[in-house]
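Okay, got some structures for you below.
Consider the two complexes below, in which subunit A is the common component and subunit B and subunit C are the respective partners.
Let's turn to the complex of A and B:
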């Protein structure tokens, strides 16, 4: 097997885009875990809903990318808000098992309701950019991939600023670090938890909308993503946001490289093989764990 | 002594379905330091949590500045002037001192943050020196000072302190006691639970003695300090045994 440099470059760039989109999911999962101490197993479905929202919004706005993206993000945030108010708000921090079953159940319900309404037929999404892109020698990187990666980077920058410099975001880190101290300074945990869920849903909406022109949109697209994202959150050091981002980009690269050179089946198995190996060698993940560190 | 700053009327409180504090009544007066004494499991921390609202309240009344507050959530009590520094390290360990202080301003309008921080840091210059240090990397005594400072940002008129000197060196314990005296001298009413009973009684005006969730004895700190039952209880044995 000879390694073609152009082919490798293409795999690498695609891997970075995919990794950044994974990171959006993992960061949202990490946020919700930090504030509520639950794993939201319906997180992948938020991405799927974001992708569907994009497919429905695009024709309405004449295939314009940005208005459709904004609509998809808002729609997903709204779903997150309803999900929090109806289900998650009823959970206490010590109800870990209930949280797993409720969010897992919700995930399965959403998938099947979506399949019933919209069928399992994969949808191909077209945008104003079509297959236009940046030409690098013999390869072309479609604009939709470039924009997806750039939007994710902007989102991480925005998230960093919010968590580091605003009381709104700092309160999320505060609860993750010490619940009792959060009460001591007058933080209202439920308000902060709601904000975190809506913010995380927005990140999922962005990921789903950005991924929809890149991958086929189906009701199942989020199903395995949650387990990957969960693996990334653990590998990145539970609660460590930059750790999750680094792990996600690394995973995107590894997946694309493996998918590019080996049987496609290895691609899916690789992430979990890596997770298990990492957890044996470094039980707390690769980076410093906990406390919703942002830097 | 005029109207009490805080009045507890037959307070019963605890966790889940278990009342720990039972029918506890007491009055605290403005600008005084009151020490709450009692054996392990007597319900001292439970009583402080009940006053701040972070555990289950069963019955009774808590009257603060003429208002009954026992059904209000903690943040509403904080806004009315009840401050509570819980036991153990109660700060945000992966945030630096600056961020911890900003979190202390959480219930204040943004325009007041800088002024409040300047005022409190003025009384605790150590905080300025450690401004960029993560709270988790401060010494135990520094963390305790930070936690009190975080609550003082909102200018509470009542400060509840749960074991402020726990785990500190004798020198740091002295510093914490001096700080508590300074806080009270500025007009804040202090209710403190202390494992260092001797030290706490020396700086206190009054003492409440609690045993098995109930008020066992109360009086001026100087009297309680010389009471033979108290002396015996805190040199070994417990108060109930000493009373019999």
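Let's turn to the complex of A and C:
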């Protein structure tokens, strides 16, 4: 097997895009974990709903990318809000097991309801950009990938500003770092948790909408992603946002490299092999210390 | 003077044990009131129930005329009752300035819209909060650490940070849960001085503490709990000479102890 430089570059760029989209999901999970101490196993379904919202919004706005993206993000934020108010708000911080079952159950219900309504037939999403892209030498990166990656980067920048410089961000970090101390100064845990869930859902909606022109859209697309994202959150160090981002981009790259040179089946197994190895070598994840954390 | 905090007939039982068995007391505005008692006397339960971290079985808590019985802690904080914890609770990975800013932000009138648009109202709120933070940090002597993560400070310094955080929003009363437990003796004196200055500036404190000297030096009134009941109340001097208090603390009174020693000899 000869390694072709152009092919490798293509795999690498695709890997970075995919990794950044994974990171959006992982960061949302990390945020919710930081504030509520639960893992939202229905998080992958928010991504799927974002992708579906994109497929339905695009024809309505004449295949225009940006309005459809905005609509998809708003739709997922709304779903996140309902999810919080109806289910998650009823959980107490010490109810980790109940939270796993409830969110896992919710995930399965959402998948099957979507399959019932929209069938399992994969949908191909077309945007105003079609297959246009930027040409770098012999390779072409489609605009949809470039924009997806750029939107993810902008989202991370925005998130950093929110966490670092706004009252809402400080309240989230306060609750994540010391719940009692935060309550003592009048921070209302439910409002902070609700906002965190809505924000995480928005990030997920962005990921789903951005991924929809890249991958086929089906009701199952979020199902395995949640486990990948969960693995990333742990590899990155629970509650550690930059850790999760780095781990996600690394995973996107590794997946694409493995998928490009070996049997595709290895690609899916790779993340979990890495997770298990990391957890044995470093039980607290790779980036426990020294970076900005929510929790 | 009038009572800023009034608690009536507090009752709380855990699995049949009466941690609080009808405790009533009042804290005068502008005073420093001590709440002492042997281990298991119900002091911690009392302040947990008053501040809203635990639910009372029955009883009434009135803060500045408003009934706050059974309200959650964040509600009571907004109503003006702040507290610290026996095991220090600060945000280890946030700088000192943010630790204090977080304590004040629930109380400023600026909304998120003001924050987004950086309105005059938002800027005023931030300025006021920073000014207060700098004053308090100066008072507790941690100016050097304004931008530093609180995790690097010593245990005693973190206790001071928690105290400053509780004072940030100009509360009506601050409840301190063992402010000098585990703090090295030279710092205890500093905390005492800081608290006296704050009290002279008008702050009201309710202090739970084992260090009797600290309580005696600082408190206008002392309330003694024993086995979930109020055993005694009065000035520090009264309490020192109350044989019931000595008995509760030492399991005996000086007279009995002396008699026993004579009998043994």
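Here are some notes:
The rule we apply is simple: the second predicted complex is superposed on the first by the 289 of 295 C-alpha atoms of A that agree within 3 Å, B and C clash if a C-alpha of one lies under 4 Å from a C-alpha of the other, contacts with A are read in each partner's own complex, and residues count from 1 in each chain.
Operating definition for what follows: a residue touches a chain if its C-beta (ideal position, glycine included) is under 8 Å from a C-beta of that chain, and two chains touch if they have at least 3 such contacts.
Keep in mind it's a predicted model, so treat the numbers as computed, not measured.
After superposition onto subunit A, the modelled positions of subunit B and subunit C overlap sterically.
Residue contacts after overlaying the shared chain place A:178 against subunit B and subunit C alike.
Once chain A of one complex is fitted onto chain A of the other, the partner contacts of A:167 extend to both subunit B and subunit C. Using the contact criterion defined above for the overlaid structures, shared-chain residue A:86 touches neither subunit B nor subunit C, since it reaches no partner.
In the superposed model, A:187 lies in contact with both subunit B and subunit C.
For the contact definition in use here, the residues of subunit A common to its subunit B contact set and its subunit C contact set are 167, 170-171, 173-174, 177-178, 180-188, 293. Note for the complex: subunit C touches subunit A at residues 51, 53, 72-75, 77-78, 82-85, 89-94, 98, 101-107, 112, 115, 162, 165-166, 168-169.
Residues of subunit A that touch subunit B in their complex: 167, 170-171, 173-174, 177-178, 180-188, 290-293. Across the complex, subunit A is touched by residues 52, 54, 73-75, 78-79, 84-86, 89-95, 99, 102-107, 110, 147, 150-151, 154 of subunit B.
Residues 166-168, 170-171, 173-174, 177-178, 180-189, 293 of subunit A are the ones that touch subunit C when the two sit in their complex.
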